[in-house]
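Worksheet: one structure, shown below.
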Amino acid sequence: MLLQKGQKLLFIGDSITDCDRAKPVGEGLFGALGKGYVSLVDSLLQAIYPELGIRVVNTGLSGNTVVDLEARWQEDVIDRKPDWLVVMIGTNDVWRQYDTPFITDGHVYKDQYEATLRKLVAETKPHLQGGLVLMTPFFIESNEQDAMRRTMDEYGAIVRSVAADYGTQFIDTQAAFNEVLKELYSATLAWDRVHPTQAGHAVLARAFLNKIGFEWNRN
Amino acid sequence: MLLQKGQKLLFIGDSITDCDRAKPVGEGLFGALGKGYVSLVDSLLQAIYPELGIRVVNTGLSGNTVVDLEARWQEDVIDRKPDWLVVMIGTNDVWRQYDTPFITDGHVYKDQYEATLRKLVAETKPHLQGGLVLMTPFFIESNEQDAMRRTMDEYGAIVRSVAADYGTQFIDTQAAFNEVLKELYSATLAWDRVHPTQAGHAVLARAFLNKIGFEWNRN
Amino acid sequence: MLLQKGQKLLFIGDSITDCDRAKPVGEGLFGALGKGYVSLVDSLLQAIYPELGIRVVNTGLSGNTVVDLEARWQEDVIDRKPDWLVVMIGTNDVWRQYDTPFITDGHVYKDQYEATLRKLVAETKPHLQGGLVLMTPFFIESNEQDAMRRTMDEYGAIVRSVAADYGTQFIDTQAAFNEVLKELYSATLAWDRVHPTQAGHAVLARAFLNKIGFEWNRN
Amino acid sequence: MLLQKGQKLLFIGDSITDCDRAKPVGEGLFGALGKGYVSLVDSLLQAIYPELGIRVVNTGLSGNTVVDLEARWQEDVIDRKPDWLVVMIGTNDVWRQYDTPFITDGHVYKDQYEATLRKLVAETKPHLQGGLVLMTPFFIESNEQDAMRRTMDEYGAIVRSVAADYGTQFIDTQAAFNEVLKELYSATLAWDRVHPTQAGHAVLARAFLNKIGFEWNRN
Amino acid sequence: MLLQKGQKLLFIGDSITDCDRAKPVGEGLFGALGKGYVSLVDSLLQAIYPELGIRVVNTGLSGNTVVDLEARWQEDVIDRKPDWLVVMIGTNDVWRQYDTPFITDGHVYKDQYEATLRKLVAETKPHLQGGLVLMTPFFIESNEQDAMRRTMDEYGAIVRSVAADYGTQFIDTQAAFNEVLKELYSATLAWDRVHPTQAGHAVLARAFLNKIGFEWNRN
Amino acid sequence: MLLQKGQKLLFIGDSITDCDRAKPVGEGLFGALGKGYVSLVDSLLQAIYPELGIRVVNTGLSGNTVVDLEARWQEDVIDRKPDWLVVMIGTNDVWRQYDTPFITDGHVYKDQYEATLRKLVAETKPHLQGGLVLMTPFFIESNEQDAMRRTMDEYGAIVRSVAADYGTQFIDTQAAFNEVLKELYSATLAWDRVHPTQAGHAVLARAFLNKIGFEWNRN
Amino acid sequence: MLLQKGQKLLFIGDSITDCDRAKPVGEGLFGALGKGYVSLVDSLLQAIYPELGIRVVNTGLSGNTVVDLEARWQEDVIDRKPDWLVVMIGTNDVWRQYDTPFITDGHVYKDQYEATLRKLVAETKPHLQGGLVLMTPFFIESNEQDAMRRTMDEYGAIVRSVAADYGTQFIDTQAAFNEVLKELYSATLAWDRVHPTQAGHAVLARAFLNKIGFEWNRN
Amino acid sequence: MLLQKGQKLLFIGDSITDCDRAKPVGEGLFGALGKGYVSLVDSLLQAIYPELGIRVVNTGLSGNTVVDLEARWQEDVIDRKPDWLVVMIGTNDVWRQYDTPFITDGHVYKDQYEATLRKLVAETKPHLQGGLVLMTPFFIESNEQDAMRRTMDEYGAIVRSVAADYGTQFIDTQAAFNEVLKELYSATLAWDRVHPTQAGHAVLARAFLNKIGFEWNRN
């Protein structure tokens, strides 16, 4: 288990992270962490590693792109002084190119995506006592030739290269979903192929937990 | 123009027909026809052929399969005495096989779909002074190899054969959407590939209107 | 077709344009364009001319007069940099003279109406790559001797003269409604003779589309 | 003053009578009589003739035609044992012919209107200790050539003839509105020319009160 | 009739004036004048004197004392430039002494009440083209020895003396209610003896209208 | 203390008893006993006599008269098998005579009040292991000559005589309020002189508790 | 893994099972399984064993005791034909003895609890193709001498003995919580010691999954 | 009775004091004092000592710790100029250590608690004409070895020592609850052992009233 006693673990991202978390601060009782994979990670850590006392914070915000993250990075990441930081961003950067193709202001293309992500990682990593986890965005579609899936894969490749260059933890969420998509059609996991059901969030939570050395049957 | 003065034109189907129509009866003022292609058809008929006085009625119901239509056919079709009847059904018959694959009770497979549709057409066509229009279900996905698209195409083929056997009007809605999908990605027309945006409803309305001899610039 | 690939088409006006559009910006998914003729124009353009990628924006605001337009013109027209601009205003300028005759502060009389409209047209037309379309206000009443209809016709005549003087596109919406009023009583198209039903919005959309060279059966 | 101490005065009609009265019984405190002319009549009677103790009951129902009145006549008129009965009906009988002309089921034509009204008057008048007041329906439109106004006037003439034949009180509400329409445009009194503003309800209340011998400055 | 063509008539006061009027400005369509005596005055003026075109404005505010009026006098009276001004205040100044006797901060005693009222009248009367009407507060209780009634009578006497000293119109609303209280118990006119039913508002409206020379049967 | 371990104590009455209790059964957690004197009695019994385990049930219903009690007596009293029964009824029997004097159907006059109360007491008393407590209705008005107070006193006298005849406990609630009215004006205890503030409910609770031998400082 | 392809797994119980599931049937998309451990079990099964196609159904109902289960057993268990059945009941049977001790009607004592549970198990087990899992009720309190904890342990012992007698699967949920209570105070897992946080539901889900042979890292 | 005529009695604290009081100021009619012990104290003082005219003010705020009190002390205590001040604080200072142990920012440990409380008492006591009452926080749990109960007792001991050092009134609320806990299990008085039922609030009100010399049967 990479996490250590008393560390603060902060998640940032878009609606997949947000999932109706408490605002302005996503931590505490009464479902403050939302209904998605962040809450699932927290509940499994607390149930199985209660002695670690990990403090989970959710600062995901629906509709965000990497550009939106940059605008609130100081307040929502740096000022909160996390030990571990988890970033999963890119869904909206890509999606807007496909659902509102004519409104080009809302698109974040690859160059801007990569430059912004690199900048955020570079300036934040030194401050983290624990570590930094970069998760790719994903598209719950098994056809690799699908136009939006293809673009999402390109953004995922950028995340992979950033993670490699800065030596961070890396999670290929698309690969995790691909395993399940061998058995289930995309509509079972997400009506719009973007917002997962609870089962989809379990895929994400498991991918994250395995990366940080979590053991289901530790005791 | 096939429609004649004073005729009643009744639409039945699922959520794509329903679109938040008035309940229990979908006709009259104040958006009673819902927000989808039925209302669009009605407004263009009234604006361009006002002298015809066509009475449009919407009895679509969200979530319905052909089995659900059968259960309310007497009340919602026969008893309302339409001159023209338009049927577009099958989305949910197929979708449930893909979004809740384990709950097999909710699936309507091809045999049952075809048998039920034939029965309804056979018993209703003789009563119609105007005509009967069968529209295929559709899936707003350009990849013909996609599993759900493939199944939907099979259901569409059944509609085509029923239309041919009973000599009804036939509209291939999937073909109409395919034209637009050459230019636009599916997410532009429907987030979940099933429920169209207003643009998608315009595709449906145009396909229907062209079939009945509507002319945009008649006067 | 006068519109060209990738152009931005902006509509401004009162409640007939607004129709419950998204605020502050009327563009994007989920009914952001409202429920009126603007959305209808957008859906037909997208369905039949998808390759053009026209970006439609709605900045109508309920209750506005031409004086209100002037106050927000910089923000809602100039700053949004449209290629095409469509203006339909005057309903409230006239209506307040008839529904609250004692509250004269709210009336916009002909001189002010004309002067303001001319000023807006003069300063905006040079910035438009595409074109400018002026639509008259209208009153859904067939009796030309009706007091409010007569006044509305005078405002319509002002729009016509402004269009002629500045060489813009011009649409006589009153004439378009008059065609339908030969067949239908006003109450069928609008309970209050001002806010059209969907059929009334279809009349407006068709008048607009025909003016810009739209062809229903282009392909 | 025709009303006598302790009498029950019952109003029946459509939305103009209803005006959001309490359901199922429109009498008592807390606005139970609604917001229209019935409440106005009651408040002036109580303020100026408090010693009479007139009991006012409102059984108007929005959307009702004379056919709907017939269906609930026993329960809402006879069983409530009024001393005085006031009937104002016909708006919807006529209006449906103009706002939804294709849905002919909802129209109540002149023959049926007259026959039904006569039947109700004939069977009820003998039970009334006080009297019966028939009020015409009205259309707040000054143009007598307007199609709907013309029809409404025909229904008003029927009411007049029924009143004459049965010797009931008769109020020409159209005439009362015509007086005001000489000074004010219809939109000042009713946006849709049917549902009056408070000023319009004052016109109705005054016409009624004058008919029953009410004196504003009696004491 | 004292009011002249085109004059603006402004009412200010507490909840009895307010009656759920539109905020921030109480004038215009759709019940903007509230549900109390102000709306009743307006509707009778409009119905019976339509040619005068009186513009009625309601700036009553629930819970106000004369001290609250003073604080918003510039904005809600002077800046609105009325021709006629009607002031009815004092209910809360007195009531707080009786319903929350221990919270003395909320009480406005006689000296302050009189001084403030005089100041407002003195500075406003010169600006009024039409006139100024002072209405007493009232308490719907017939027992003159009742403690709160006695106090209210004292405040009424102050209003009377101010009216006399400044030569304004004066209305003794308590006297108007006393007439009705001879016949009806207080609970019939107001559950809490303060907020009148519609009948109570009719008493107020009639007292006001008679004072300004209104004739019910003028024509 | 008259109450014994494990007894069930049931209160029935009108809105003063009801006070927003849970429906259909007013007992249990989460404010099920309402916000009035019943809840206050329960909380003091539980706090000071916890070892007695008294089960309090509230079946008061807003607007009830003694006639309404009779209609639900079997279900709401007999079937619930109380050991002690507390009845406070009569407010509405009297009030309707004063707030809606013209609607005589709603009045319960003295003869009917007494006969009904006697019948209920007679048939119920034998079933009660503990005892029966009759509380008078009250009117929070210090003027004994007030018409409604005078009537309420007459109904109170009936309760006293019934209690005497059947040997039940008797509580003169009017007398209890009179004590407080020496110091406080009625508006401090109840805006409408009927529905008490919390202080008024404390008066009722104390009167009841003292009657059953409750001691504030028992231990 | 004990579950086999295509089996139906039905959970029944009280609010801890219910957790705001869809009514009347708790299965399908859109959170139909509620927000508790049942949904967690389902999402982990679907994410990690997607090829099994397990159909999870939730019929928990807030506030239920074993007596309530018995009343709806035919409809909610037998008629749904599960392959596997999971029962966790007893919380309310015990809790009512402690939170509303005076309302003894709501208590289910040990004899009745055991007899009813035995009857349900005996009549159901033969119908189950998969298996039957009995989970103890629990109380999130570490003090074994606490009165309610002691009683809950006795009910848990009954479940253990029933499971042994009928050869069903058995889960000691109290033991699972006790492990976590060594590290965390009860308030971290449940404010009222009964309704678990998400972490508490994770404890339950894990206990269940381990019992049926689930492996977190199977692939 | 220690309270004297016309004094202002101000309560400050957390949710147990707040109980849904009016904001921003908790005084006046219509339940402004909330639903807890403050309202109970007020109603008993008003009912039994009406001549004293005690003005009760509630400034409790849910979730507050002593640190939060300090931040609003000037505005909510000093500026309101009470004669008597009642402080009950500490619940959240302790609870956060047990329900969200990992979020240490929210914890107020003993040193800070004591220092802050001493500072507030020292600077406020000289301003009070009446007196200062310090009430301990409490935990409705009878097991003295329970971790949170033990901590709460330590905070209670701090309150006791502060009261002794400054010569204020002191109330041991834990002792008051312990008396009742001999008879009732904690769940009867508070589901979460923190927020009392009405019975629990009666325990608090009685402890307070007895301390200030209140006599239930004074007259």
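We call the chains A, B, C, D, E, F, G and H, going by the order they appear; numbering starts again at 1 in every chain.
Simple rule for what comes next: a residue touches a chain if its C-beta (ideal position, glycine included) is under 8 Å from a C-beta of that chain, and two chains touch if they have at least 3 such contacts.
What you see is a predicted model; the values in this text were computed from it and never measured.
Give me the fewest steps it takes to get from chain C to chain G if each step has to go to a chain it touches.
Steps on the shortest route: 2.
I want to compare two interfaces, D-E and A-B. Which one has more contacting C-beta pairs?
Result: the pair with more contacts is D-E.
With chain centres taken as the means of their Cα atoms, state the distance from chain B to chain E in Å.
From the centre of chain B to the centre of chain E is 62 Å.
What is the distance in Å between the mean C-alpha positions of chain G and chain H?
Each chain's C-alpha centroid was found; their separation is 40 Å.
By the touch rule stated above, which residues of chain G touch at least two different other chains?
29, 99-101, 184, 188, 191
Which two-chain combinations touch?
Those chain pairs which touch are A-B, A-C, A-G, A-H, B-C, B-D, B-G, C-D, C-E, D-E, D-F, E-F, E-H, F-G, F-H, G-H.
Note which residues of chain B are touching chain G in the complex, please.
Result: residues 99-103 of chain B touch chain G.
Mind pulling up the chain A residues that touch chain G in the complex?
29, 31, 33, 35, 39-40, 42-44, 46-48, 50-51, 179-180, 182-184, 188, 191, 197-203, 206, 210, 216-217, 219
Spell out the part of chain D that touches chain C in their complex, as residue ranges.
95, 98-101, 143, 145-148, 184-185, 187-188, 191-192
List the residues on chain F that touch chain G in their complex, please.
Against chain G, chain F makes touches at 6, 27-29, 53-55.
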